[in-house]
Each structure stands twice: as structure tokens, then as C-alpha cells.
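Next up, some structures in C-alpha cells.
Here chain A shows up in two complexes: once beside chain B, once beside chain C.
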Partner chain A sequence: MSLNLVIVGAGPAGLAAAWSASQSKANVILIDQYDQAGGQIWRGGANAAPKRYQHLFAQQTKLRYLNKSHVLGANDDHLFLATPNGPQQLAFDRLILANGARELFLPFPGWTLPKVLGVGGLQALVKGDLQIAGKNVVVAGSGPLLVAVASQLKQRGAIVKALVEQAPLGQLLGFGRSLAGYPSKIMQAAQSLASLRNTPFYPNTWVVAAEGNGAVQQVRLSNHHSIECDYLACGWGLIANTELAQQLGCTLKHGSVLVDRSQQTSVNHIYAAGELTGIGGEDKAIIEGQIAGFAATGNYHAASQLAHKQAQARQFSQQLATRFALRPELKQLAQANTLVCRCEDVPFEQLQTQPSWRNAKLQTRCGMGMCQGRVCSGATQYLFGWGQDSVRFPIHPVSVADLLMESI
Partner chain B sequence: MKQIHISINGTRYQVAEHSNLAAVLMHNAIVNRRSVSGEPRMAVCGMGSCGECRVTINQQAHQLACLQQCSEGMEVQCEP
Partner chain C sequence: MSSAIIVGGGIVGCAVALELAQAGVQVTLIERDCLGSGATAAGMGHIVVMDEGEAQLKLTLYGQQLWQALTATHPQRHEYHECGTLWVATDAEEWQVVAEKAVVYRQHQIACKILDAAALYAHEPALRAGLVGGLLVPNDSVVYPPKSAVYLWQQAETHAAKLVYGEVSSIQPNTVSLSDGRQLHADAIVVANGQRCIELLPELPIRAKRGQLVITERYPSLIKHQLVELSYIKNAHASSGDSVAFNLQPRPNGQLLIGSSRQFDRTDRQIDQQLLSMMLRKAIDYVPALADVRCLRTWTGVRAASPDGLPLIGQHPEHTWLWVNVGHEGLGITTALSSARLLADQMLQRPAALDLQPYLPRGLQQEQR
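And now, the complex of A and B:
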């Protein structure tokens, strides 16, 4: 009987894993919550991905793609899914987690106003046909995503009023120098920066408030500038989606899933690749995905061939974490009445007195709403040092009908 | 690009087929939902994590607009 390999997430890491695994006899099942494969980086379906991954979806291959499916939970050998056709249990012999990252949002006055979005958030909507031409946009927060997105927005006709990066210039220059070992990244950065040469760039600066009536109209910065805008895209870097890995018992370290050289987690038959193991972008995701796909299907020789590139990608990930480390001033942005949990509208002042994430949940309903802490757990981790102590079923909100194993 | 029609809060809109529903709502400045204290909210993360963009689609409540592509005849209802 062939090995059943399930891959969670159809972004660069998941597709690369599927490609490697497709070189073996394994039955490969790929799951994603979106309708099209590609993840955030290759949004727009497999057509936006490199050719070799597009071939995976040709009908002759043994790959099964379960789209629009959410993983609700897991045990040692089964995943529990909510699919468009109702609930489903999926057995696996090996599992590769490639379910990526989300943006880190930190609360500041006005961050809940309409048209204040994440940087990746605005990018995703623009890729989904949001008309941005002629609109005034401020891109703020931290990380290389800011430059990439600002450049893409300009190409689509947006007026990028300012690019606001919290990291000091010295650290940014250090990051630039560290790119020397990555020619493809230098090219990307050079192209993006060239397209932004007339855009005001404020390093060492951050948003202190968004203001407006019904939607954002003005942004105030730490350098005392005020800028009028139609959109504020503000994200403070990425955090890994570790909930499923935690439920499976995989060991984490500094918010990432711990893996060995073959991308194996602390649980024998479970592998992890991409942003989950440390934020590092597309190249790291592809290399780690390839290695995980080979290793999970027993092709250790092919996996070991990629060790050098894997080490490089992990070094780059380290650089990102160091050079874009968040400054302590950002902990002072939230005022007493600034909402921290935007599902349950819990203000900062109610959380300040809580000793832990668990207490905050029980006493204030922080983290108990629709997003189940996906937004505010990152913020409270940064603001108060709280960690999540357990991740329970279901990981993703689900209708009662689905839990009862009945389709509506 | 092929144009289709969807209905939002009872009003007909012409949109490009397969455009992202959260993008359409934001472009037209239509509030997706009200928070528990009554604040207007629109999409934030754009990738299915934050839940701020949830709306009722074809009578099914709590659908994330950012994970939905527009299709002909889609009926969208937002909180007033």
C-alpha cells in the first residue's frame, strides 16, 4: 500500500513539498483554505507559481487538492476538516505542515478604523482587484514586505505618500549588506527601491495614530508629521500560524516550530516547512518544502543535496529577525481606551491588570471572539509577554451543523 | 474581463468576475460588519485570519469576504 502524505497549506512551501513528494509513489493530498493554490505569495492560483508546480495539478498526477478546506483539529493519524461538502476525517501516515504565517498587528489609537489594513492585507485585496489607482496610501510598520508592497501599489497607480519603517537606518543598512550572499534578493530589493525613489521614506519612525470619520483620513507619525491618506497599510512583521502544530504536540522555540535538518518536527512523522519554522520568505519556503517532501517520502539522499541552500535560507531568516526587531516604544502606543482585542472590543486598560493570557480570556473575553486570538495573541505576547498555554479543538470557527457531522 | 452582477444590501453592483468580495466592499466603502460595541469594520488581514470582513452570503452567515470570489447572482448582506 502507498504512503498517505497530507500537506497542509498550498503556498510555496506546500507546493514545493507536493512536488518533491510527487517524485515518489506516495498518495499526496494538499489542503488549503483558499479556492486556488499559491498561498499569499503566488496568489492568483497555481498559474502564478513556477511551471513545475503548475504541472502538479495536471489530471494524471496522484495529487489530490482539497480547496476551501479548514483544518479544525488533529490527532496522531487523522486531520478533521471542514470542507465545502461538509466535515471530513482524513487519515495520514506522514504530515507536512506548511500553513504559513499571518501579519503581526499592534494596537495604536485608530487601528480599528475602516481602511486601516495589514500590509499583506492591502496587497491581498489589491491582487483581488481592489482599485488602488489614484488613492493615497501610507505603508507602515516593519519588514521587507513594506518595500515590496509599496512598490507593487505604485505600479498599480497608487500614490504612496510615505513608507514608514520602525527599524533604525543603521539596522536597515546592515540588512542590506547581509543580502550580499543572496543575489536574487538583491535584484528584487533593487527593483523595488528603484520604483520608490520619489517616495518619502522614514526609517526609525512609526505610526502613533490613525484618525478619521468613518474611515481613516489622516495618519500621525512619531516624527510629528501628519499625512492625509485613503488607506493605511500597517503590519509589524509576520508570525507563524503554529496552532495546528501545537495541537499535534510539536515543540516550538521562539514562536516557530522546531525542526531538524530533514524538516522533521519533534513528532516523528510530522514535518514543517516555510514560515512555520521561522519567517524567511519565498526562497526559504521552497527549499524547506522540497526537503520536507523528499524526507517524508523516504528520499533522504535528495533531501540532503539541499542542505547548503537550507542553511543559507535559515541564516537569512536570522538576519530578518535581528535587523527588524521591534523597538520597545511600540509598547507605549496603545492608550487606555485603545481596543486590543477587536473581536470582543476589549480595551488596553482592562488587560493591563491581567496576569496571563488565560486570565485575560476568562475575565475580559480577550481572544474569545471570531479570530480566536489570531490577532490579539500576537499583540499581547509583545505587549505583556503572554503565551498561549493550550490550543483546543476546533482551531478554526465552525458551524454547529459541521460539528454534528451534517451538511446543511 | 467579464463583468457580472452581485447584490449587496439589496443594491445591484457590476463587478469583474472572480474579483475578491472584500475588495469590492472596500472599494464601495461598504461596512462589512459592526463590532460588539457598534464600531464599523472592514477587512484587515485579507487572508482569512482576523474575521473582520465577515458578511452573510446567500443567507449563510459569518462568511469571510476575503476568501470569496464574486460570482453571478451572489447576494451579500452586511450588518447595517
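And now, the complex of A and C:
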């Protein structure tokens, strides 16, 4: 009997893991919630991914791809899935978690107005069929994603009225210098920056409020500028989707899944790769995914060959975290009546008096609604320093019929 | 008696704290996590008069009356909602139970209404076809227990009660030791920490009876009353094995709580998928539209079950300084206020509204202490 390896997430980390694992005799099953593999970074399927991974998208490989499937929960050796064919239990010997990250949202007055979006959210809409040409957009928040998205928006004809980065210029220059060891990243950055040379850039600045009648019309900045716009794209960075790892009992540290050099988590047969182990982007995801795929199938030699690149990628991830660390002023943006939890309409003032996340949930229902805290838990952790609460099954909301498992 | 320590800040502990503090006792409440976060938060918050025996009926009815008084001024602070209970009969045998239940309720002046099949569907059109009828008990209600627990505590606090966060590691005469080494002293110690009481007092005849619940997104027009199967009684009180029973509650905000299940001697938090599926199949059997309802969350909770289904309320048979209020099983929200009142009556040597005998601590296992 060959090894059953299940990989959760078909983005760069998951695909890289599948590529390494496919060099062994293991049965590899790749699960993703979307129709097409590629994840957020290679959205659009095979053509968006590097050549090396494109064959993995093809039907004839021995890799099994379970698309449009949500992982609802897990125990030691089974995943509970909602698939287009109904609920399913999937046994695994080894598991690689590569289910990525989501955007961090911070509450400020007006953040719930229509046409205030996450940068990643707007990016995805534009890659879809949102017509952005001729629209005025403010891109604000923190991190390299702002530059990349602003550049893409511009290519599609948007008028980027301002690029607003909360990190001070000194930190940004420090980040630039740290790229010296990563030629490909320098190229990317240079291309993006070149396309933005006529775009007003405000470092050391942040959004204080979004205002408008029925939708955002104007953005107020900490430097007292007000800018009219049709869209505000905000990105305060990414937070790892650790819910499944938590349910499996994997140890977390500072919001990331703790892994060793072979990408193994604190649980023996479970590995993690990519944004889950620390936000670091595409290159880190690919290296870690490859290592996890090799290590999980017993090819430790191949895994160890990548140690140097892995160390580099992790260093880059560290740079990102320190150079784009969120400034304390951002904790003061929410007013008493600013909603923090949009699902249950919980304003900032109701949360200020709560001693813990669990208390807040029980007494205000913050984080207990439709999104199950996926949006507000990142904000409350940042605003109040609250820790994590236990993760409830199902991780993704599904119909009652989708919870009717056949007997094991 | 001038001072008391209460172990456990669930709904029962908070209710006891208020009863004693109001009477001038210097109260210290000890909670390990946050108020109302254990079984209090895990249950459905159904305030229901149950008629399995005279003692249970009296305690639940008294509890309901005290809840009505407590929530009268600020029902919203408890999310109090008088949705009533509708007991659903699926066959002739259960239809017979409807008639018997109605007799008992009427003997105790509890409002109730027998519904034939047509009336049943007029009340709850989402129920599946082919049912026989039901019994509507209109004054049963639901609350949101974590908020009520905090409300009770805040009232106690106005009478100078103190809250201490910590884990109780042992109890000695007039002394409570916490796991961090702190020691607290009082004239009386009240153990009101639900199923965890057996960690402190292993002689108590309390067993864990674990349950699982599901909460859904908002479907405000699907059902109006708390719907309960009539075989609930035989299922719920089965003394061994895992069981499920249909129990569906409309929350005031339109969410639905789907229950219920029972498993003996399990206290872990891992959802039992097989039992969950059984429970949900049963729910769909009663209300077919539930199949397409979206579930947000499931969780487990641990009830403290006594052998006869009645709580233990009163003085420990061997220690005059030690009092207990535990073993409420699935009725702890309903009986929190009545049991707290009856316990305080004993501690303060006041006359009680009910005959205390059935609830006094009993069945202790001598050799284990």
C-alpha cells in the first residue's frame, strides 16, 4: 500500500508540494476550494503558473485534484470535506497544509462603506471582470502588495490617485536594501515602481477615514490630505489561515504555524508550507512547498538540498514582518461607534471593556456571525492583544445536508 | 454565617452569589475562565417546565417563575423570548403522552394547549407531513445564558460580592486552595461548578453527559416555537449509550439551534461526527427544510448528571461548612434561579417555598473520599 498524502490548498505552496511528492510513489490528493488550481497568486489556472507546475493542472497526471471542496474539520487521520458531490471523509497518512493567508482588515471610520475593499479583494475583482478603467482609486495600507496591486490597476487603466504606506520612509529604504540578495524581487519591484512613477506616494501616512454617501467618495489621510476616489483599496498585510492547523493541534507562534527545517509541524505527520508558516510570498511558498512535498514522502535528501534557499526565504519573511510592522497609531483609528464585527454589528466601544476574546464573543457575539471571526479576529488580536479561541467545526459554513457523513 | 466562597461562575454560581450577597453575606466567587463560559454557554438556554416527576416539575416551575420576575424589567439584557415549547407527537403512542402531559400541567395551573394535526401545521408549517399533533406550552421561553450569568453577577457586585479568577485545586475546612498557591477562607464554601465538581468532591454521584449543538445562519420565518420530540424523555434520560433527540430552537435573532445528543463520561471537545450526523438526520426528519439551512458552528458541552435526574442542593452530609448546588443535567438554566434560592434558604435558615427533601445531597460514595 502506498502512502496517502493529502495537500490542502492548490496555490504555489500546494502545487510545489504536489510537484515534489509526485516524484515518489505516494498517492497525492490536492484539495482546493476553487474550481481552478493556482491560489491567489497564480489565479487563473495553469497559464498563470510557472511552466514546471503546469502539467500538474492536467487531468492525466496521477495526482487527484479535488476542486471546489472545503475542508470542514479534521481528526488525527481524516479530513471532513464538503465537495460538489456531498460530504466526504478523506483518510490520510501524511498531510501538508498549504491553505495560505487572508487579508488583515483594520477598522477605521467608514471602512464598511461600499467600494472600500481589501487590496487583494480588488485585485481579484479586477482579474475577474470588474471594469476599473478610468476609475479613481486610492491604495492604502502597508506592504509590497500595495505597490504590486497599484501597478496592476494602473495597467488596466485605473487612475491611482495615491499610494499610501504607513511604514516610514527609512524602513522602506531598509527593506529595499535587504532585497539585494533577491534579484528576481528587485526586478519585480523595479517594474512596479517604474509604472507608478507619476503616482503620488505618501510614506509614513495612513487612512484616517473613508467618507461618502452610499459608497466611498473621499478618503482622509493622516497628513491632512483629502482625496476624492471611486474605490479605496486597503491592505494592512496578511494573516495566515491557521484554523485547520489549530483544529489538528499544531502549535502556533505569533499567528503562524510552527515548523522545523523539513516543514513538519508540532504534529508528527502534518506539514505546513507557504504563508501559513509566516507571510513571505511566492518564492517562500514554492521552496517550502517543495521541501514539504519531499519530506512528507521520505525524500529527505532532496529536501535538504533546498535548505539554503529556505533560509533565504525565511529571512525575507522576517524582513517583511519588521519593515512593515504596523504602527501603534493604527490602533486609535476606530471611533466608539465604528463597527469591528460586521456580521453581528459590534461597535468598537462594546469591545473595549471586554477582558478577552472569549468574553467578547460570549457577551457581544463579536466573531460569531457569518464569517465566524475570519474578518474581525485579526483586528481584535491587533487592537486588544487578545489571543486565539478554540476553532469550531465546521471551519467553513455549509448546509446541514453537507454535514451528514456516512458512517466511518 | 457571614462569608461564603462560591466555586464556579456559571449561571448557577452567579445566581447563588446574588442570593447570598443580597442577604448580606460577604461573597467571593471563583471562576477559572470567564463568567458563564462553561456549560452555561454551551446549552440552549431553554426555560422549560419538565414533568418527569413531581420534584422536577416543581423545581422547573419555580425556576420559570423566578426567571419571569428577573427578566421583567430588562428582557433584552437576557435576550428573553417567550417562544413557548411545542411537543411534537409522531404516532398514537406519543399522542397519548400529549393527553397525559396536559393533565399534569393543568393540575399545576400551567397553561397548555393540545393541538390536533391541523392545528399543529397551522402553528408550524415547516414540520413534515404525517404527524399526529402536539402540546403547546406557551409560557416556556429562551434566554441567552452567558449574558444572564453576567447580569446576575453584576447585581451581586452591587452587594459587595468579589470575583476571583483562578483554578480551584482543593477544598479544606473553610478554605479553598487555588492552583497558583493562593488560599481563600470563608465560613461557608459552595461548590457550584457543574460536572467539574467531581474533581474536588469525588464522592458526589455526578457523571458527565456530553452534548453537541449546531447553530445556523438566520432563518427568521422557518419556525416559531421551540420544537421538541415527545420521545425526548425516553431518549434523553437513557442511562447508557449515545442517543440523539430532536430539539430545535428559534433564537430571537433568527438563528436556529439544533440539538440534541447525549454521551456518557466524555468531556473532550472533539465533535463526534457520527453522532452529529445522527442528530442532524433526525432534525431533517422532523423539519425537512433544515437540509438546506447553513450551519455556522458546532460545539460540545458537558452536563452534570445525577442518577435520579434531580440536582443536589444543600449541605454536604459530612461537612457543615460545605454546600453544593450541582447535577442540573440539561435543565441548569431553568433551575439555576430556583436552586440558588433553595440553597440560600437552607444556608440562611429561611423557610423555603418547596419541600427540600428530594433535592438534598444524596447517594454519596463513601469509600472514595
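Keep this in mind: the second predicted complex is superposed on the first by the 402 of 408 C-alpha atoms of A that agree within 3 Å, B and C clash if a C-alpha of one lies under 4 Å from a C-alpha of the other, contacts with A are read in each partner's own complex, and residues count from 1 in each chain.
As a working rule, contacts are C-beta pairs under 8 Å (C-beta built on N, C-alpha and C of every residue); 3 or more make two chains touch, one makes a residue touch a chain.
Not measured: the values here are computed from a predicted model.
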After superposing on the shared chain, does chain C or chain B touch more chain A residues? B
Kindly classify A:Asp345 by the partners it touches after superposition: chain B alone (first), chain C alone (second), both, or neither? first
Where does A:Gly369 make contact in the superposed view: on chain B (first), on chain C (second), on both, or on neither? both
Taking the superposition on A as described, I'd like to know which of chain B and chain C A:Pro355 touches: first, second, both or neither. second
For A:Leu122, is the partner it touches chain B (first), chain C (second), both, or none of the two (neither)? first
A:Ala133 in the overlay: touching chain B, chain C, both, or neither? Say first, second, both or neither. neither
Mind working out whether A:Val398 is in touch with chain B, chain C, both or neither, as first, second, both or neither? second
After overlaying the two complexes on chain A, where does the chain B footprint on chain A coincide with the chain C footprint? 369-370, 397, 399, 408
Of all residues in chain B, which touch chain A in the complex? 16, 18-20, 22-24, 26-27, 29, 31, 35-37, 39-52, 54, 60, 62, 66-67, 69
Which bits of chain A are touching chain B when the two form their complex? 33-35, 40, 68, 102-103, 105, 112, 114-118, 120-131, 214-215, 241, 342-345, 369-371, 374-375, 397, 399, 408
In the complex formed with chain A, which residues of chain C make contact? 33-34, 36-37, 41, 146-147, 150, 214, 216-217, 258, 269-271, 273-274, 276-277, 280-281, 283-284, 290-299
Show me the residue ranges of chain A that touch chain C in the complex, using the header's touch definition. 73, 75, 80, 89, 355-356, 358-359, 362-363, 368-370, 372, 390, 392-394, 397-401, 403-405, 407-408
